[in-house]
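Below: the structure, in structure tokens.
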Amino acid sequence: MTAPLNRDQMAWRVAQDIPGGSYVNLGIGMPEMVSNHLPEDRQIIFHCENGILGMGPVAAMGEEDFDLVTAGKKPVTAIAGAAFFDSADSFAMIRGGHLDIAVLGAFQVSAGGDLANWSTGLAGSTPAVGGAMDLAQGARAVFVITEHTTKDGAPKIIPECSYPLTAAGVVTSVFTDLAVIDIGKNGPVVREMVAGLSFDDLQARTGATLTLSPTCKVLKAPALKATQRHPI
Amino acid sequence: MTAPLNRDQMAWRVAQDIPGGSYVNLGIGMPEMVSNHLPEDRQIIFHCENGILGMGPVAAMGEEDFDLVTAGKKPVTAIAGAAFFDSADSFAMIRGGHLDIAVLGAFQVSAGGDLANWSTGLAGSTPAVGGAMDLAQGARAVFVITEHTTKDGAPKIIPECSYPLTAAGVVTSVFTDLAVIDIGKNGPVVREMVAGLSFDDLQARTGATLTLSPTCKVLKAPALKATQRHPI
Amino acid sequence: MSIDKRVPSLEDAVRGIADGAVVAISGFGEAGNPTELVHALIEQGAKDLTVVNNNAGTGRMGLAKLLAAGRVRKVICSFPRSAKSVVFQELYKDGKIELEVVPQGTLAERLRAGGAGIGGFYTPTAAGTPLAEGKETRIIDGRDHVLEFPIRADVALIKADKADPFGNLTYRKAARNFAPAMAMAATLTIVQAREVVGLGDIDPEHVVTPSIFVDRIVEVSQPISEAAALLQQVSR
Amino acid sequence: MSIDKRVPSLEDAVRGIADGAVVAISGFGEAGNPTELVHALIEQGAKDLTVVNNNAGTGRMGLAKLLAAGRVRKVICSFPRSAKSVVFQELYKDGKIELEVVPQGTLAERLRAGGAGIGGFYTPTAAGTPLAEGKETRIIDGRDHVLEFPIRADVALIKADKADPFGNLTYRKAARNFAPAMAMAATLTIVQAREVVGLGDIDPEHVVTPSIFVDRIVEVSQPISEAAALLQQVSR
């Protein structure tokens, strides 16, 4: 039987691939959960595009400082050794290639590593991009965390994105509830798959043509309960 | 008899034209002397391109701090309300049009306000520009302080510069030992002349065609002794 | 005559802002919003404004209130869509307001360029996306770049933590965000500071926005916290 | 494993700098020069270097000593000519060194662009002058602009005042100058700090160069003052 990861397990799995000493930006939403699941022996410095390097855990209820919020506007804390700076300097870090990893959500990822995560292109929706294009274009590695398919079962890893692009050819790896997939020169390569899923099963849920890594392993994560979120 | 101003008197004369509250950069050399001759009732904030806003007087002998030097590398002080910043920010101030006035020296000034003050263009000399082009191009007003002619008596205010340009069409006013001349749309206009000099005398020492302002006054300065300079 | 950029009231601070002005307003979400200055601008009455902000107002205060008052013709921002941006979204859906969406880093860099006298710059951000449509592109070092032009503002409304009489500013934590770049990019930079301190009370090493970028300062010692107000609503 | 970028010695700090490297060296005249790092680089032996600095060395120490040792193929700077730049000027007159003169603001901005991922920018500085010869120009808003490209360095040698183990830096007064932009522009940023302090000892509001731009830190608690040495010569 297929045993897909839950959201916290997906976040945990991403966390395992972040080397100690990395400078990392976590996008809004599921990417933010990654910081809850870091191995204890690794120190990672989190960057927040509104001007924080050394972002700490979410602020405890009642101890919020509303001058210290995440890009998602949640009250947060800063670690010893943090730095504050302005938006221009913050994006100089992002765009100058100084972030080791950006962990981002996705609507679609193409076989060539194109990312679509800011707009569904639907008429009538208000366009809004935030820092998504800067992060996707600027970080040295872009990790995507996303369910393998949409709620309707449509594949999200596809030959070409149909939604408006965030950036072309930038995705390094995709971490889904079913697999870990690296975007190689010749397209997506499956590095890990959950137990009970055959390669053909995974391919059937994927739009782009997959390659199975000869060293493909079982995608495993410990049992994890859902992270608590700040109410704002 | 012609009574040309001495260097301190020229600096004094420039100082009289700097409104209170101005942000001003003084170039290396004679322009630096301007700060010694400000009217007591005016507060001016001096910018130094190596990263000081609110530069104070030259440091007293024995009290030098060699982390606090002018663009000419002389030990200096900072006033209360000063700020330090890096070179990129410093030139953002200059190039972004935030300086009210730059006071600069000149080899030549053209009738159209072109400035040549960085290179004589002689073969074999080492080219060196520093911040001269940025200041000339960026400041809202460029005051030139210079002897009216070279040591050999050649005019410095001429129809077109023969030396390599620092910037084109930027000079606002020229303060010489003989006259104060504004660069107008139709060329140089004499605003003040020293006593004992006729307009024809002045024209004879000037390469560009001058216009006499209908409100031209006598250029006067108090008797001033030479400023002491730091030995470094 | 010593330099002193303090003005006695919010009314004095926003005096003379013209109809049709480009107004840059600091803040990211709810952190760093100059709410009192924006409310004073509503009182002052200028209309047909173009507003530059990272967002497009949240809740019902500050920028959202300015939008609701019908004073804004156009918003230039990176992220106008959030659950709390109700005022903007209604106006936008009704076709009552123009929107220019700019990637957040490009927005910050365009403002800095406006302040730093840069005529234009090339960035890979947005290359190959709909936000680069109609823009000049160029391949530099094998990579597609988009040519972006500076944003200059007639007025910046800025929230600072401390200010001295010259106009040197510090900020608090992530409330700094767009304020330094906007202070540089505006012809008239108006600051509400939580505390006005004496000359020399801000260490020259710690100044974030040097006084050259600041024109008027008004002390607002206990500014409204839009975020705290929103939290109270959520908690209710 | 907590992050700690300190290295035990100057020798460790400059380890691995390759022949042919582009080396950005902080300092303006004598303020902010990382003299001990430059001397360690001489010991380390890398040659055929391109050096980026505002000047081209003064006196006989630091950069002047590196030049005298014949390790530098090319200097990119704004002002190589001063009464004290004797070493450079001799090499230049003998045709033993290349020189690229860049206006000081363009030098700072090109380094910042290198650090900030800007592919190129337009500036009015140097338009219509010999320093714009051969460069692409463009009229923007009726004004001539020159297209300038970023400077990226393989290595930056930086002098700071305080550093923490992550690599957050502060500077002293006008010794800050080119260091922040060079730290951004280099692949490997090596810092000599007067004092290494504990994590949290630098207020996050007061950090000038955030740790993300720093790779190695070595403490040099009593750095040579090139200026003081020169003053002694003058006073003698």
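Chains: A, B, C and D, in written order; residue numbering restarts at 1 for each.
In this section, contacts are C-beta pairs under 8 Å (C-beta built on N, C-alpha and C of every residue); 3 or more make two chains touch, one makes a residue touch a chain.
These figures come from a predicted structure and were not determined experimentally.
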Selected pair, greater C-beta contact count between B-D and A-D: B-D
Separation of mean Cα positions, chain D and chain C [Å, integer]: 33
Intercentroid distance (Cα basis), chain D paired with chain A, Å: 36
Centre-of-Cα separation between chain C and chain A, whole angstrom: 29
Chain A, residues touching no fewer than two other chains: 78, 84-85, 91, 94-95, 138
Multi-partner residues of chain C (each touching 2 or more other chains): 109, 112, 116-118, 123-124, 171-173, 204-205, 208
Chain-chain contacts as defined at top: A-C, A-D, B-C, B-D, C-D
Chain D partner contacts - residues on chain C that touch it in the complex: 109, 113, 116-124, 138, 140-141, 143, 145, 149, 170-173, 204-206, 208
Partner chain A, residues of chain C touching it in the complex: 28-32, 54, 78-82, 88-89, 92-93, 99, 101-109, 111-112, 123-131, 144, 171-181, 208, 225, 227-228, 230-231, 234-235
List of chain A residues in touch with chain C within their complex: 48-52, 64-69, 73, 75, 78, 84-88, 90-91, 94-95, 119, 121, 124-134, 137-138, 164-168, 231-232
Residue ranges of chain D touching chain A (in the complex, touch as defined): 1-3, 112, 114-118, 164-166, 168, 184, 199-200, 204-205, 207, 210-213
Complex interface listing, chain B residues touching chain C: 20-21, 23, 41-43, 45, 47, 53-54, 78, 80-85, 89, 91-99, 138
